[in-house]
Amino acid sequence: MNETALVIETIIKAVIVLSVTAGMGAFATWIERKVLAFMQRRLGPMHVGPYGVLQLAADGIKLFTKEDIIPQNVVRPIFMIAPVIAATTAFVAMAAIPFFPEFTVFGYTIHPIVSDINVALLYVMGVASVGVYGPLLAGMSSSNKWSLLGAARAVVQMLSFEVVSGLSVMAPIMMIGSLSLIDINDYQSGGVISWLIWKQPLAFVLFAIAGFMETNRSPFDTIEFEAEIVSGYATEYSGMRWGLFFVGEYANMITISVLVSIIFMGGYNPIWFIPGAIVMLLKVSFWIFLFLWVRAAWPHVRPDQLMWVCWKVLMPLAVINVLITGIVLV
Amino acid sequence: MYEVIAFYIFSALTIGLFTVVVMSKNALYAMSALAGGMIFISGFFFILGAEFLGVVQITVYSGAIMALYAFGMMFFDTTRDVKENIRCKKIAYTLSILSSILLIVILCAPLFSQNIEALYPSIQNAGNIQMIGLVLFTKYLVPFELAAIMLLAAMIAGIVLASKKMEMNLEIDEEFEEAKDVK
Amino acid sequence: MITLTHYLVLSGILFSIGLAGVMRRTNLLMLFFSTEILLNAVNVGFVAVSKYYGDLTGQMFAFFIIAVAASEAAVGLGLLILWYKRNGSVDLTSLQMMKG
Amino acid sequence: MELKDFQNRNIAPGYIFFEGEKKPQNGWESFKRVVKRSIKGELFVGLWIVFREMIRFDIHTIQYPAEKIEMSPRYRAIHKLLRLFESGNERCIGCGLCEKICISNCIRMDTHVDEKSRKVVSEYTINFGRCIFCGYCAEVCPELAIVHGSDYENASEQRAHFGLKEDMLTPLDEFKAKNQKEFPGFGALSDNADDLVKKTPLAY
Amino acid sequence: MEKYVYIALFAPLLSSLFVALFATRPKILFMGILASLLIGASMISSFILLFYVNAHGALHVKMMDWISAGNLEIPFGFVVDQVSVIMMVTVTFVSTIIHVYSIGYMDHDKSFNRFFSYLSAFVFSMLILVMSDNFVGLFIGWEGVGLCSWLLIGFWYHKPSAAWAANEAFIMNRIADLGMLMGLFLIYWQIGSFQYDIVFASIKFLDISIVTTIGIFLFIGAMGKSAQFPLHTWLADAMEGPTPVSALIHAATMVTAGVYLVIRCGDIYSLIPHIGFAIASLGAFVAVFAASMALVNNDLKRIIAYSTLSQLGYMFVAAGLGAYWIALFHLMTHAFFKSLLFLGAGNVMHAMHDELNIKKMGGLYGSMKATAILMSVASVALAGIYPFAGFFSKDMILEVAFNEGAYFLWFALFIGAGMTAFYSFRLVMLVFFGEKEHTKYGIHPHEAQPFVIYALMPLGLLAVIAGFFEHAFRGFVTKLLTNYDIQIAHGTEVLLIAATLGIAISGISFAIYMYSRGGFSKTLENRFCYKLLINQYFIPKLYELYIMKPFGAISNFLWQKIDVKIIDFSVDMVAKILYTSGEKSRKMQSGNLSDMLRWMVVGIVILLAVAIFYRPIV
């Protein structure tokens, strides 16, 4: 029976995480439009609802009701399933992420993590690496050259940056000695001073860059850069299938924000009087804001520059960082 | 119970997906089915308590190897139907079915005696990763290093092979080919 | 209850599927796919044995097999690209120089 | 004139050349450049600028259907055909210059001689699908009959909308309400035109 | 002292190998001189060793471990004791003279260098044979001299008769070597060692029948090498080789290896006197048998060859009866005068342009006095006239036979001595005196080069005086060998000596008498006994008829029927089956990876099936 209870609890948690992050993702689209507008001296969406808050509902209605166009020459099942994969991988990665400190409801302690596996970090990164299949399959099945180019770029980009993210996160793991995100969080429970960002600044920077990379956000949005390859892998998509890509992208953003917050910025440990949950929310919000901010501020990078930076700058730096950490630890 | 359910679901899925890999004429189907199958295989690893291996399976197989193959498919222009003139399918199927029957007979036979002892027994109160780490860096250190060197060599080989004269078309001269044929 | 035999039979079936693919396919890329199936089938068996005998050697073996598969993919794909550039095809029928 | 001067003949004497930084020759130099740029914090300057704009909240958006921009008098939108202030007759004398000069060939006119032996425009159309709003027609018109209006919201269900004489000609009721304004834009008389006119006796 | 051993042993090897480098080159005189000098160095070392052994006793040298496998341990060891040093001295001395002689004799031969290489190799092998301190080394030397003998008999291999003779010698020796090998195996099987000292120390404790068998087998080996009765035909045919070879190998050294073996194994044979007596009987038989063939033969070298056979018979009589030192003494003296005889014959041949038939010679004394004198001296020595060397040794053998009470043997040897005297002087008379037959054939004989004659001088001298060393020799050799005293009353002894001298002198006088008058009448040649003798008792014919022909027929049958029809056919069948199956299964190698993989899976299926269905029988 205990097993069943666990399963039921897990399912409930999963549903909550799914719905909340999906909602947050949708909300984030509104936030993005607003923030980008403000940064560009605009107002952003204003008409639907107060200050355009209901714009996301309107978008949702539009996406759901739009015709689901499937072009004639695409590989139908793959074409149809690719967005689902993109969204699914984004959400599945969240299974091992603790969002908040544990709390008690009706005498029942709830761990706000879907599944506490001890290889959580590896798991998250593995699933993130599977995330390449969304763009890849979409691009390959679309029978469109822009899509194919987008898929190729996606593969190259993801594969390259997995190396950087893995190597950069290696140093903190070496210091902590655990892959569990809860352990990582607990390691930094000693206030701001104990944040890993101070001990591993280089790893932090590299991981942040890799995070931008893995979410395909500007300035590394080579795989769907309009000026070069129309809309990349999503060129042929419309309606809710395109929307799923969108949701996946925002879910990824949230995942990366949470990850960076937990690994380098103290996680959900309370600061002063602020409870951990609020701290966590603030951090995640800051990170999502940073994603938007960077998009507003920085120019786009060419794919070859991207590869160059990845393999010839970031990866050596990551390796050196790991080496130095190892030497210091030993 | 859930283990049983998971096992059977995963089994059905892996077998189905791998069958698609083998049978499908469409390379894209094959590729995606294989990637999916890999992920479900990692599911088996999770069930079996080998979390580390499961994650490695996902990361390396699905994340890296299959992506490489996808790249290859793009390069070889086989994102669509594979043109194959498959001969004597029956022989292939007969042989594989025969071998599977034989394998199953062997595996189901009570060959596994009880006196097998673990060389490296699992350590109590230690996670899968810790155990793997302990074993990997003591007993299997040399193979581990060798594997690292092998991977490095393979990487260099792959880069060299694939990037050599990337801008050139290596197709052999027609005349040369004809001369060879005459010979 | 799932026993070791279950896993081994599964492994055997997957292996046979891989064998069928290896024999049936003539596109080299598809052959590589089938080879990966073979390796994975074996991996399942190894990990199951490792679990049921409480011995990590099986997992180690699976680990090294994955490493080998990665190398194989890298080198094999490099060779395939060379062959494709030379012959414009990755079909087995273009690879019959060893005809006896 | 030396050759160098000839080559730079389009460049003003006080021009400052910006060479830019040297391109990196090898990997190590590019690596150094990346590191240098990262440390210099150029990227953070960009970040700061957009953030500053955000907190300054200096929004320049005009919420269009509700608010509209005042068009400049010289704005060249849908053409208007004007009437004579004195009589309310059409100013157009049917000379056909606008039809001749139109570079996109979108103006068509038809004239006839009426009972008073005056040339009268019977049909006048502009195909706005082709018009590029260059303003030559207004410039060439000797009678200031055709001018550009400021009506830019020209979305319509029919192609023919706005382009007919009836649409462009100032309606009589408008005219009577003295709503017709002299066009201040391209080709119009300047404000001090009267002063510039040389007075000549008309008595002959 | 070890270094003298090594010089004595390896100087010939060095000479052989160095000269062999130039074997295919045209004649280089320096090669001959070098070889002679190196052999000379070997001889000097041997003499030094002789004096050393005389003063200090035997010398054992172990150069290195050679074979060490399981219980078998064979060192590369050498022993320089009284017997082997005598052999060494004899061999190297004769060799040196023959090397020098060969420079003159082989002057015009185009394979001059090759000859010296072979000759030096032979000396090396012979030294290995005599110096080895174990049976394996002896066997190696044994085979080495056999090989060199084969090379040298067949030196003019372009001549079919030479090639045939070489092969005959070689094959006959192989037959005998089989016996020798059996003996060696028996020794190792029974004693577990090949070292002489161990073998001789423990042979006494063996069963007498085993010792008998060993003795017989070893003697079979000796018979082959020393050309005793059933295996004697090769020696006469071996005269196809160059004359220095005949002198060195087939008179002075190699053929005496059998005698040396018997002397060496004296400890074995002294345990089995009946076998010794059989050996003596065979020796006596051969002595008469060979002498009788020499009586009528017209071939210059063959006469001397038969004489050699006969003298070997004498030696075997002495050795078989246990008078080892006498056998060794006769061996030594015989080496001197017989090689002298051969070398003189070589001079004659040269003079006669390789004519061998003595009937076509005559009166050569006029043109080649020195050779004539030397050959006469050698003949006198051979005949056993006092005070020449042959007298002392041969007469002693007769006395031994008498002493042992084997009067029959004594008589046979006595007759043999008469015959020896006769045929020696028949040869001398026919060649050097009487009618100058050669003028009919337009040959103008000339004396050999002076240095050749000078080289022969020491031999001639020794042929004369060697007998006077009898007592010194006896004293020296019997330190190792069992002493043998002749206990015959002085009167009888004198009588015997007188009888022997008498028959020898009468043989000589008869020969001189007959041949100074022109020889026997032609009618004698139609007599049966003449025919018997001139045809060598028809033994070669018999061999040919009863051994070679049936053997040939059997071989032919085996070749035609069994080899071709069955073995070749089955071998071909295998090849054909492989070929056709290869041809058929070539299709498997379609070069198509798919097909190969299918075959691989077939293999997997078969292996799996075996794994299921095969139950190992425990």
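As written, the chains take the letters A, B, C, D and E, and residue 1 is the first residue of each chain.
Everything below uses one rule, namely that a contact is a pair of C-beta atoms (placed from the backbone, for glycine too) under 8 Å apart; a residue touches a chain by one contact, two chains touch by 3 or more.
None of the values given here were measured: they were computed from a predicted structure.
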{"item": "Mutual neighbours - chains that touch chain A and chain E alike", "value": "B"}
{"item": "For chain A and chain C, chains touching each", "value": "B"}
{"item": "Chain pair with the greatest number of C-beta contact pairs", "value": "B-C"}
{"item": "Centre distance in Å when chain D and chain E are each reduced to the mean of their C-alpha atoms", "value": "133"}
{"item": "Separation of mean Cα positions, chain E and chain B [Å, integer]", "value": "78"}
{"item": "Centre-of-Cα separation between chain B and chain A, whole angstrom", "value": "28"}
{"item": "CA centroid of chain A to CA centroid of chain D, Å", "value": "48"}
{"item": "In chain B, residues with contacts to at least two other chains", "value": "31, 52, 56, 64, 68, 71, 73, 91-92, 95-96, 99, 103"}
{"item": "Chain E, residues touching no fewer than two other chains", "value": "594, 598, 601, 604"}
{"item": "Contact pairs between chains, per stated definition", "value": "A-B, A-D, B-C, B-E, C-E"}
{"item": "Interfacial residue positions of chain E with respect to chain C in the complex", "value": "586-594, 597-598, 601, 604"}
{"item": "In the complex, chain B residues that touch chain C", "value": "3-4, 7, 11, 14-15, 18-19, 21-23, 27, 30-31, 34, 37-38, 41, 44-45, 48-50, 52-53, 56-57, 60-61, 64-65, 68-69, 71-73, 75-76, 78, 82-86, 89, 91-93, 95-97, 99-100, 103-104, 107-108, 112, 116, 118-122, 131-132, 135-136, 140, 143, 147, 150-151, 153-155, 157-162, 164-165, 168-172"}
{"item": "In the complex, chain A residues that touch chain D", "value": "35, 37-43, 46, 293-294, 296-298, 308-309, 312-313"}
{"item": "Residues of chain B defined as touching chain E within the complex", "value": "87, 91-92, 95-96, 98-99, 102-103, 105-106, 109"}
{"item": "Footprint of chain B on chain A - complex, ascending", "value": "3, 7, 75, 77-78, 81, 117-119, 122-123, 125-127, 129-130, 132-133, 136-137, 140-141, 143, 148, 151-152, 155-156, 158-159, 162, 179"}
